[in-house]
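In the part that follows, the structures are each spelled out as structure tokens.
The same subunit A turns up in both complexes below, where it pairs with subunit B and then with subunit C.
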Partner chain A sequence: MRFIPKPIETLWTLFTAPVVWAAHFLFCYGIAAVYCAKQDQIGISFAAVRIGIAGATVVALVLIAASAWLAWRQWGFGAHDPPHDDPTRHDRLLFQGFATLLLSGLCFVAVIMVALPAWFVTECVR
Partner chain B sequence: MSGTPERQAQEERLRAVWQNPTGWRYWTSVNNTQVGLWYGGAAFAFMLFAGVLALIMRAQLAFPDNDLISADLYNQAFTLHGTVMMFLFAVPIFEAIAIFLLPPMLGARELPFPRLGAFGFWSFLLGGVFVCGSIFFNAAPSSGWFMYPPLATDEELSGIGADIWLLGLSFIEVASIAAAVEIIVGIMKCRAPGMRINLMPLFAWYLLIVAGMILFAFPPLIAGDLLFELQRMFDWPFFDAARGGDPLLWQHLFWIFGHPEVYIIFLPAIALMAMIVPTFAQRPIVGYSWIVLAAVGTGFLSFGLWVHHMFTTGLPQISLAFFSAASEAVAIPTGVQIFVFIATMLAGRVIFSTPMLFGTGGIAIFVIGGLTGVMVALAPFDWQAHDSYFVVAHLHYVLIGGMLFPVIAGLYYYYPLIDAQHLSDRLGRIAFWLMFVGFNVAFFPMHLAGLRGMPRRVFTYPSETGWDWLNLISSIGAYIFAAGLLVVIFDVLRPKHRHTGGELNPWNAGTLEWISEPKENWGVRSIPRITSRYPLWEQPTLLRDVAEGRGYLADAPEGQREGLVTSVLDAEPVQVLRVGGTSGVTIVSAVTLGAVFVALTFKWWLVTAVAAIASLCAVLYWLWTGTNVIPEAEEKDVGHGLMLPLHASGSASVGWWAMFITMVGDATAFASLIFGYFFYWTIHADFTAGQAGPGMAWPLIAAALFGGAWAATLIARTLNAGERKAPMRACLGVSALLALAASAAALAGPWQHGMDPASHVYPAIVWLLVLWVVAHAAVGVVMHLYCLARSFAGRLSALYDMDLRNSALYWHFVLIQAVLTFLVIGLFPEAG
Partner chain C sequence: MAVAARPPPGIQPAGLACLTLAGCSGNQSALDAAGQEAASIAQLFWVMTTGGAIVWLLVVALLLYAARSRSHSEAAASRLILWGGAVLPSAVVVGLLAYALWLMPALRPFGAAAASGLRIEVTGSQYWWRVVYRSPDGVTVTSANEIRLPVGQRVELSLASNDVIHSFWIPSLGGKMDMIPGRTNRLSLQATKPGTYRGPCAEYCGTSHALMALQAVALPPEAFDRWLAAQAKPSPAVAASGAELFRRHGCGACHAIAGTEAKGVLGPDLSHFGSRLTLAAGILPNTTDNIERFIADPDRIKPGVKMPAFGMLPREDIRVLASWLRRLE
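Right, the complex of A and B next:
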């Protein structure tokens, strides 16, 4: 079994990092909303929620970094410069890799931004 | 165009195939050019109507203690103004532009489902007239364009207007989802050969993302409309706090739709800029990949912003902070696009034409709106500005700068494609300066009025508040702005006989839509092979090759409307697609479906039933006569010695993709209902309020029976592939019977336990989920019967099995929804 997946050719890889961002966002929102609504019935502290969010953030960042690395590989590790507008399969792959890499960067930043509130907010104040 | 006799004969045949009918039958056209123009014209007309309402409001607010119109009429005016601008102008205008522009831009003859496009237009028109017309009967919705309960659920206070809003707009949402299906499949599968995804026009990238966003944004609103209307019609208490409901659920569902909607409006407008800027900078766009990043990034991030409309509803601060952070993050991809445009302009030699004037002016306005957006995304500032005129100013800066100005830019830019004439440059510049100055005079003072405490939606104000002169300035500005718009309309409508027009590509643009000949209806004379992002700049012989019929499908010997289907990534031709031609069935379907919604509004149950049956018959007739038509041969020569199949089924066919995309939207609506179920669970210590649930047995039996119906469908599909007709038919019959039994079992749960949906929100949401699945099962049974009928009519075989494979795909989604529903209502919260 190989650890690093083989390159695959599909449109969908473009959306990997944004989907991870969306899942992380929903997790943060969901866990905080449910905890704050049900804190009387749940026997854990808010600190545990924050640790959960921290854990999810690490997982999300690792996944996005992995997607970025795969994209970087698809982009030929930066050996070619944009605009990647030749009518060839090769340039199409480079374009996909570059666009995916850019999106991974955006989503990496966005995940950190979304997680930051859990760093500063320490209780369920309304 | 002259040429050899053979070429002339080809042109004659092609022209005849794509010709529109004349006389009153003209309105049965389904050609993308006509439908796009009607769509755009209707959307503009609705915009003018809503604009007049705005002018009436500005006249009312010009002076303190004014009594020009009553409070109630003012309420109707602002509700209808917002509703019409958002639902009948901003979203449909981009659908119109997409339907008009995409085929030539992609080098396609047509979008894959022209009749669906026409159906969408007629649905939109009927729904729009219904909603707008209500104000002439003093029956317009009056609770604001986001219809918050408990005001809007109160039948005494809101009257029939709320029903008109809910049902009229639900009908229009059908049109939006139809457009999304059409656009996604068109962009993914119908590009000209060689137009790989790295060569696709940026407009198509944007539209692909926007259509995807529609699929996830509109269904939550449709689910919300369903809950809302069930409360108004049958008193199911989804938003009634006294019986366990919660008005906040509506706010969630509305804004899960409503915030992405802002970007659904903004991205297509910026997509127009992505076409206009390179043309007038006379160079390719700088940072193509960055635009793709921005479009995709904005598309996703915009779904994490909805709660910033709810900062003052008392949610936990950490929740507010998540949405505040995401709202700040979305400024990054939004900014990227603006920098890309600036870079492109700096790198080229800019020609400051009228379209550029409107475009750059709009972006300047939009940037101001974006910056105040960053301000209101901060919760503490929002608590001050919420529901004040500051927000009114912000949203108009965003929408008029980010959408209306670029659309006018697009009108000036693309007008030569409509009738080979130019709009007047001089009038355009006058219009721009009137609109630009008028806009800022009208809306900038609103920031100040808002900061001075003026709440939105007040019909008048006392003179001692210090808002007088700010409002007077705003009103003057509004009329200057309207004067500018009138100049644009005059420019469009004035006769232009004296002009000699007719040259192709008057702006010397590089993208493919400029090969379209306004006087011809065939889209492109022949389908070219594309090797560049700017084919008209970089493929010098392209224009002549296309015009002289040296591309693909230069002829129509069989008298069919044909286009090419190509592969998703590299656009290699894989199939000839025959699309539906002129037909009245689209109008009949739209009118009958519209009648269902109108009759529901007035609770005419018998009319509703009759219209629903008529609508079903129309759709079945449409499917039977117009889809999965068995071609006269299996393959055909499309030119250059390329033989392509005339038919495809399963995931290779556009029909399968249309079903898949529709069902993704459907599943999103379902997910919204499940979200509602758990939302109610979170807000109550005991969500059931001690009421009996549907038990465990019936739901689990129903889930198992639905599993059986699904399995029988799959077996039927396999048997059909082996040409084993009799057992295949038997399996379809068994599947239909199992689906009926499953539905009975599903209904038995809440029925046997005496759950009364009007008593509390718990039985109401259980009933709703069950009915949702049962309704899907009913549609699934109709599909089985349809496949059976096709089989007996000799139109279903191992090769031509599209109907059966699409039904099987539908049943995958039914299975997922059924299993989830019955596990949730059967096991939760009892087992929890």
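Right, the complex of A and C next:
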């Protein structure tokens, strides 16, 4: 039994980080909107909502970092140089790894940006 | 011989710069702040502009450098791309975003803490603004096309619309907020300097959109309190000769005047019309002549206006009406 999954050859791993980003986005905006619309009926404080967003952000960042690490491994930890455009199986694998790595980087920054408002905004707008 | 008239080089850009910079001050400029929110926005603008300028200079410097130097190892180039092309821009953008977000709580009425003071409801209609003051001690005053606020006190604005989307923006005092039918948006403002500022409608709303503006008058708090107390009562001039003409010609179907039976709500409240600085939502000075012209043919002054022309009334009636309205202080 191994903890770290074996490399697999599929296009789907490319979407891990964007999907995490989307889910995180939906969670943050959804919970803030629902909470602020129904704060009288909900017995928790806005601080708790912000902590929830912080938690979701940590989870999202860890998932994205994991996807980035797997992609980095697929890319051979940088042992080969781009552009990886030969019509070979090997190059296809490397290209995919590299693309996934870059996309994960973008999503990492994006998740931080999505979460930032909750750091500074401490109350619902009236 | 004929070449003497040529201006020295640089004079045209300099002239252009002067023209541009002349727009930065005045009673409708976000860079000439007279309110707390406007000051933070101006500060944000300068931080962003400076940040952008520094990034631009760096990129141009790098470009010049790249055009000159030849020898670079590929590893060094990759490192430069990673740090200079990905890490640095991300850090700068996140930093600027954080700064903007840090300013945000002061620009919007967050939380219940700010709910204590004066509230002003402004409702946009094609092409004018209804203004209702609700003071904490229960006084309600209806007016139009002009808002007055006490300097140094936080005022909360509730913004709504009767027909289409308008947008409320007094650049000298604060940020812009849309007025959306079926919704109430909130904005909070705190004037810091007494003065008169202009707020144009900032969302295209029809033919006379460009002729829809309001005046914002920031007064010292005592003067404001005195003004509001006076506005809460009918104007002393209300019983004079014009009142009867106003009733007879049906103006009261659309306009309300406190102290008379005119209770209409389709047009601006005219109870204290004489104390307004401008006529027809900030487009003409409030003089008897202009009022006469407006009553006789409002569409001429404001195409598409929702007030019918009264040019068929006897000239004398229009004159009396105008001078009576002008005296409703």
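Assume the second predicted complex is superposed on the first by the 125 of 126 C-alpha atoms of A that agree within 3 Å, B and C clash if a C-alpha of one lies under 4 Å from a C-alpha of the other, contacts with A are read in each partner's own complex, and residues count from 1 in each chain.
The working rule: a residue touches a chain if its C-beta (ideal position, glycine included) is under 8 Å from a C-beta of that chain, and two chains touch if they have at least 3 such contacts.
Since this is a predicted model, take the numbers as computed values, not measurements.
In the superposed pair of complexes, A:55 makes contact with neither subunit B nor subunit C. In the superposition on chain A, A:109 contacts both subunit B and subunit C.
Using the contact criterion defined above for the overlaid structures, shared-chain residue A:125 touches subunit B and also reaches subunit C. Between subunit B and subunit C, more residues of subunit A are touched by B. Look at A:7: by the touch rule set out above, it reaches neither subunit B nor subunit C.
Of the two partner chains placed by the overlay, only subunit B lies in contact with A:41; subunit C stays clear of it. Touch criterion met: A:117 reaches subunit B and subunit C at once. Judged by the document's definition of touching, subunit A residues 109, 113, 116-117, 120-121, 124-126 lie at the interface with subunit B and also at the interface with subunit C. Listed in rising order, the residues of subunit B touching subunit A in the complex are 188, 194, 196-199, 284, 287-290, 292-293, 296-297, 299-301, 303-304, 314-319, 321-326, 328-329, 332-333, 530-533, 568-570, 682-683, 685.
Of all the residues in subunit A, the ones that touch subunit C in their complex are 81, 105, 109, 112-113, 116-117, 119-126. Residue ranges of subunit A in contact with subunit B, taken from their complex: 9-11, 14-15, 18-19, 21-22, 25, 28-29, 32-34, 36-38, 40-41, 82-85, 87, 89, 91-92, 94-96, 98-99, 102-103, 106-107, 109-110, 113-114, 116-118, 120-121, 124-126. On the subunit C side of its complex with subunit A, the touching residues are 74, 86, 90, 93-94, 97-98, 101-102, 104-105, 108-112, 114-115, 186.
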